[in-house]
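First chain A sits with chain B, and in the next complex the same chain sits with chain C.
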Partner chain A sequence: MIQTEVRSWDRQRTARHERLGRAASLAKGKQVQASDATALLEALLQPGDRVCLEGDNQKQADLLARALAAADPARVHDLHIVQSGIVLPEHLEIFERGIARKLDFSYSGPQGASIARALNNGRIELGAIHTYIELFARYYMDLTPHVALIAAVQADAQGNLYTGPNTEDTPTIVEATAFKSGIVVAQVNRIVDRLPRVDIPGDQVDFIIEADRPFYVEPLFTRDPASITETQILMAMMAIKGIYAEYGVKRLNHGIGFGTAAIELLLPTFAERLGLKGKIATHWALNPHPTLIPAIESGWVEQIHCFGSEVGMDAYMAARPDIYFTGRDGTLRSNRMMCQNAGLYACDMFIGSTLQIDLDGNSSTVTPDRIAGFGGAPNMGADAHGRRHASDSWLKAGREASDGNIAMTRGRKLVVQIVETFGAGMAPTFVERLDSVALAEKLQLELVPVMIYGDDVTHIVTEEGIANLLLCRTREEREQAIRGVAGYTEVGRGRDRAVVQKLRERRVIRRPEDLGLNPLDATRHLLAARSIRDLVGWSKDLYRPPSKFRNW
Partner chain B sequence: MIQTEVRSWDRQRTARHERLGRAASLAKGKQVQASDATALLEALLQPGDRVCLEGDNQKQADLLARALAAADPARVHDLHIVQSGIVLPEHLEIFERGIARKLDFSYSGPQGASIARALNNGRIELGAIHTYIELFARYYMDLTPHVALIAAVQADAQGNLYTGPNTEDTPTIVEATAFKSGIVVAQVNRIVDRLPRVDIPGDQVDFIIEADRPFYVEPLFTRDPASITETQILMAMMAIKGIYAEYGVKRLNHGIGFGTAAIELLLPTFAERLGLKGKIATHWALNPHPTLIPAIESGWVEQIHCFGSEVGMDAYMAARPDIYFTGRDGTLRSNRMMCQNAGLYACDMFIGSTLQIDLDGNSSTVTPDRIAGFGGAPNMGADAHGRRHASDSWLKAGREASDGNIAMTRGRKLVVQIVETFGAGMAPTFVERLDSVALAEKLQLELVPVMIYGDDVTHIVTEEGIANLLLCRTREEREQAIRGVAGYTEVGRGRDRAVVQKLRERRVIRRPEDLGLNPLDATRHLLAARSIRDLVGWSKDLYRPPSKFRNW
Partner chain C sequence: MSDSLPLAEVAGRDETASWYEATARERIAGLLDAASFVEFVPPTARETSPHLHLFDLPVAFDDGMIVGAGRLQGGCVLVAAQEGRFMGGTFGEIAGAKLVGLLRAARETGGGCAVLLLLDSGGVRLQEANAGEIAVSEIIGAILDARAAGVAVVALIGGRAGTFGGAGLISACCSHVVVSEQARISVTGPEVIETNKGVEEFDSRDRALVWRITGGRTRVLLGIADRIVSDRIECFREAALQGVRQAPAFGLATLVAEQRRLEQRLRTLGECRDTPEIWRAMGIDEPGDVADLGDEAFAAVVAGQGTRHDAR
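Let's turn to the complex of A and B:
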């Protein structure tokens, strides 16, 4: 037998106890004063630590972000940040001040430009940009946090946490950290004697800090029906009649955008008249979109599981426990890990919008100077090769894509891009080359940031029609199918009219009239709600929109 | 505005309270006597309920399975069973007795033949066969359990649960059930005053039953090194030198089998001499394979996250917290959902064996009369199109598969099948047509049960050599590459010798001698452990194999 090394096997646990020892004087039990938060982090953290500072596209551990950004870089430096979202100014400040050096993340909304700058000037050493569950997966593999700084609604003295409707990433982060001898610090809105429910057991939590104000939540999934255009309504009608109805899509995810909001608001009107109730859109992996309220109230929706919550929706969801997942306390339980898995493996369709689409159908939300990150779309918008259960819509998509090998029928997930041919500022959506290619060159990224690869996209919906890429048999056909719905963009004008005509005859391309739709019927009267106020009415005043969405 | 239906929105919660009311007389607090288990289930369950009776390839809620199988079919009937494993005789008995009718599941080890018979005689109405996380995903979408019957090690009076090393599926099942107004019943080995740690908060658990004996766990991942053949050792040498080393694979999953066990036992010997320590196989998503002990003890392994535990391994893992995920109490925390995600999104390689491979590289573990189910392999053995982070091995595989579109470099997961050309009973592994095709016809399944589709397979390793399918450019090339390593099977003898020779020149096929390996060197002396007893020695007596693996 080979001689084994002499080695200790509990170095992580020893390090944990040393960290706890350094921080002991700052805590009473598990409680630390908010004013001592920076001192706590300085005591706990060691250079090179992997740190997850909880933040995604919604909830933010903002007190802890401020505390970390205020740390002394002589004591806390070269951290490796591994977290879903780079969203708050403090998330960048941590890099600017040298407290952190390396970054692995998923999503950056408002900070996309700052991240690109920080990469450019060497302030950030980029690991990779991930999808949410890809980063979560690495928490259990090679990016396990040494320290997790998380946010919850309430804690009790034992450190049990109530994360409330915005549970989101918390259980996934805490499990990876706590069970690998890491340290978990929670900011909470309030410390109470008795929690309404326990989302995180106290023995996984080391420190709790009562914050001076509730943790920040961004209302990212609210779209005001007042801003939905008739073009978007036409596209929504085409999607419902040409895709939802044709494939009988029952289990789905909607990305965020006015196109999908329009679809949600047409379910109780246009789709109802088509007799589709109960036949489409019954089960959802979805953030709590306020624009789905009319469909829920009209009895369209069986069940919704949520990645996170949405500002203003909590009371409505608590009053609809047959639809949403709620706890014994009555409030929503969200969970991004579970919901992303539902989106990957249990949904038959993902539909969302994007900024750019190239001739292969690759899409990107990157602009020349911004790294937006991926969030969840690459996961939801991917055909899961590990899926083994059938559904009618999945099989139909698979048959359309099939090369005729009948013995080996396989299904396909429907991955739909719904876009206007020209986006904000009249920038063309369809391009020969994604801006992300140039960005990748400039920043020397290993991979071009592509949101969804063309080979996973099955349909593109624009105001000109639907391109069904499943029915394309060659790369050239795909290109012409894309050009054929690209309108008056340069890509659209570069179409081969004869080929596009043939594709239309083969129903690869379908115009509104091919679907029996008259664009003149696409009016705002079709929307079940035409304003935020209408949504509040539908909700019987249970939906309480944030003030920026109120004009009454 | 459209008139909304008059509707109550808490029917599920009302039903829950009615169920609890019917069961109230059987419980003291949350505690129910084991002798009342059947009465409890009869009180709780309603015809048509979706029920998850916890059981996977390892742990089993066996007391609750017996209790359900003993229920009165006049009272409890037409259940829809939604659970990972159909493993115990009682799982089938439930269908034979008409207590359950419909089945959605993932894995059936020993019961594969019985399931096929029950499908055939109409006793089981099959929903679908899933991978584990695909079924978990559906718990949050359209297969949410009304009642979950689970197993834990300990409970306290409040219903908090310690699931111990075999946490496995429990948190995923409980979350889906408890947060959708379902009922959770836990059998526990012991009710105690104070738990070593809390894995499931008590407010998610309705009833606890102390069982007369610990829940059953199958030692599924133990392979006796004494049974490893020199052929398997040769294949392991090829895999290490021709794949692990060439791609620098650090993050990986091993399926179960003697081929992968041989690889594990060659790391501290053969691979060490190749200078590969620290360069390959450092981070794992893996069940606790005893055959990995020598590599761990030799300092090869940085970290392992586990789907579940393994009989006999608990004390060893508790003593190696730097390697394994353990709780504050010191014992392993496994989690199948998290580990399957790690396998999908954070691993660069999956390697496993199979029973049959066809000319397209599709594989199956189905035999003519058995439905084995899928377990986790289709998920682990799938290229994740949602992955957006790079690694050297992933990029190298992607480059090899690339069609030369450099602007859009994409990586590929390595998916390796390691098989002998002839399996048990000299049945050929390589076949023109999978037995599962005939089975699907016979049972009128919607899909042919395919474990891993050929388009996801990157390498096939046999005793004749390695076929690198990434380098094949046409379907014909793939077929000849497969035939070229298929030995003396009919498929192998059907090769086109000239084409195979050219594939070898292009390094698509590599023989042992092409890798600088002499088959005569493949002896059992290379194994770091040659018996279970050796493994116990390596573990410093911490590994305690079950008696069926002991011969001393």
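Let's turn to the complex of A and C:
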């Protein structure tokens, strides 16, 4: 007979009850006063806990962030932060004060420089920089939070939550925490008797705190049409005619740059005149880009699922339930995990911008002193090898890549980089070596931060033309195809003109004139909206842009 | 190339051609009678800034100032247009000299030709500040001389650069000022206020605030502009024609009336901190909504004010 040690099987549940016991005196039912938030966290948290302090590229549990940053480091220390976005100053402060030590995250945006500094001076012990979907996956594998600090719009006394249009990461975080004996604390804008809809059931929520002001939301996906240049319009025309039309791309995701905003604004004008309506760009995994309003209003779009919401778009989306996913209450329901999955497996194309591209087509948004993180682009911009359903554009891309030579052709997702050859401050987009390589060396990272790997990239669009990397057969050809659209950058001037000419004859490289486009036709007259005010007009006054985007 | 779209044609018959979007030359072309414009000191004369090369900055062959003569509904007009995309439409030595020359020529016509100033300017060009400051004062002098000689000087404002610094001062000296909603008129620009007084005093990135204080709608309600039109070149043309016809005489009576109007404005509105307070004091019911009204609804608000600013 095998002797086994007697062990208990519910140590996590017991620990949970101990934590709840320590915090009981601070709560009335599930409600805790905002002034007691720090005391609550000090009672709940134990050194070394994995904590998700909800924050992504849009909404922020800002009250709870301030409360945690004010905790006593003698009581709360060495936390392991597992959250998608490092965005608020408090997110760094908890590391500076020793409250947290280890970090696993996805996106940093405004705090990119501070993170690089904190890594450099040893304040942060970095686990990994993830994509969203990857970090969420690890919540269910080896990074399950002990405590989740989340944000919602409203709660009722039972702790049911209405997360509103910015639902985003919340269901994913709560599911992982609540069902593994963790503790869920929610800050809410208001406690009410009756919720418009229940996004998170109350039995998954332990504490609710009414905040003194609504949680912060960053308008990250608003691009002012007034800032779109004629160069970007030319690139958008090339992309529409040379990629969208040729592959018949219907299901897609757009990045947040001005190039893709230009494409959105050319759908009802330029693309409509090409007769493409209904043939391209009908189904989207996309945040609520205001620049897509004219295409929606012109009948181009069948449906859109959203990662998050966008400031000012709520009333518009509520009035367009045939297009957006909405609750029974009428407002948008976003979900970052679901939408990232849609972007990975159900989209035929990703098109987005980047800061640097090397000779193999690897791209990065890292600069020498900033770690911006990844967000979702690497999932959108990656061929999903688990995909098993066909579509015309997916198969066409697969056939081009295989040269029709292998028996078992599989499809390819179109992964398109749309960039100007020189970026902000006339920094060249095309480089021999990514800055992220130097950064990885300096910070001794195990992995060079690469946004999209070159072997996933299928096309690069610049003002000089389109390079179709699917049609390249050797590494040398790929390099010359990239140099061939890299303009007057050092990389572009280093091209072998004869090889580039041959690539053009094979349609690997296509110039505007090869596509029947005259660069002089690329004017702002083509934009369906030329200002934020025009977008408001297209929306029939339903879109309410935030103050910083108005010029009236 | 056979399948190339005739896009140029589409652009050409765009009846909604936007003043805000247009270049200085497109504005002139859309404003005047077809093919009537004759440019003075055109780009082919290569009169470029003698200062910019010291800063290793590119020059423009017209120095961002286009001057010439043309016809407006058959009538003679002298026109000056600033290109806001070149150095923010700023007044440098050459640009200033071209405008002074045009205004002096206008005076010589004794009212035979009106002047249209298509202002789009951040003010004096910092790289040639002394020449620019002198130019602004000479321009102001030349405007007043021309007006005294019976010439109507009409300012048309609605470009991206706004009308700031010396350009704001110049606009205040004109016989008639036409704006669009996108127009901004002020002397000290938002960034300058923020830099000197702090973000608490003025947040230059709060665009709604910037337009609430300096924008076309506020300026027309305050009588700093006389007429507000939709952002279409066609609308500016119609308003320019009316402005030329309605320009007030320039004499002592006009200046006394203007002084009274300004004193009255200071008495009633001098304590206001922000625009909604001004609008409320002016008897507008929902001051918070003024910015969101459509052009026609806003025109009704302006008409309801019954204000005419022919005191200039």
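Just so we're on the same page, the second predicted complex is superposed on the first by the 546 of 552 C-alpha atoms of A that agree within 3 Å, B and C clash if a C-alpha of one lies under 4 Å from a C-alpha of the other, contacts with A are read in each partner's own complex, and residues count from 1 in each chain.
Going forward, a contact is a pair of C-beta atoms (placed from the backbone, for glycine too) under 8 Å apart; a residue touches a chain by one contact, two chains touch by 3 or more.
Remember, predicted model here, so these are calculated numbers, not experimental data.
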item	value
Which partner reaches more residues of chain A (counting touched residues only), chain B or chain C	B
Touched partner set for A:E513, first chain B, second chain C, both or neither	second
Partner chain in contact with A:G425 - chain B first, chain C second, else both or neither	neither
First, second, both or neither for A:V437, with chain B first and chain C second	first
First, second, both or neither for A:A128, with chain B first and chain C second	first
Contacts of A:D142 with chain B and chain C, given as first, second, both or neither	first
Chain B versus chain C as contact partner of A:A390, first or second or both or neither	first
Partner chain(s) touched by A:G275 [first = chain B, second = chain C, both, neither]	neither
Doubly contacted chain A residues - partners chain C and chain B	none
Interface residues, chain A side, partner chain C - complex	270, 273-274, 513, 516-518, 520-521, 523-526, 530-531, 533, 541, 547-552
Chain B residues within the chain A interface of the complex	1-2, 4-5, 7-13, 104, 127-131, 133-134, 136-138, 140-142, 144, 160, 172, 175-176, 178-181, 197-199, 201-204, 250-251, 268-269, 283, 285, 294, 297-299, 302-303, 305, 319-323, 325-328, 333, 335, 337-339, 341-342, 344-347, 360, 362, 374, 378-390, 395, 407-411, 433, 437, 446-450, 453, 455-456, 528-529, 534, 537-538
Chain C residues touching chain A - in the complex, by the definition given at the top	1-5, 7-8, 10-11, 14, 18, 20-21, 181-182, 205-211, 215, 217, 291-292
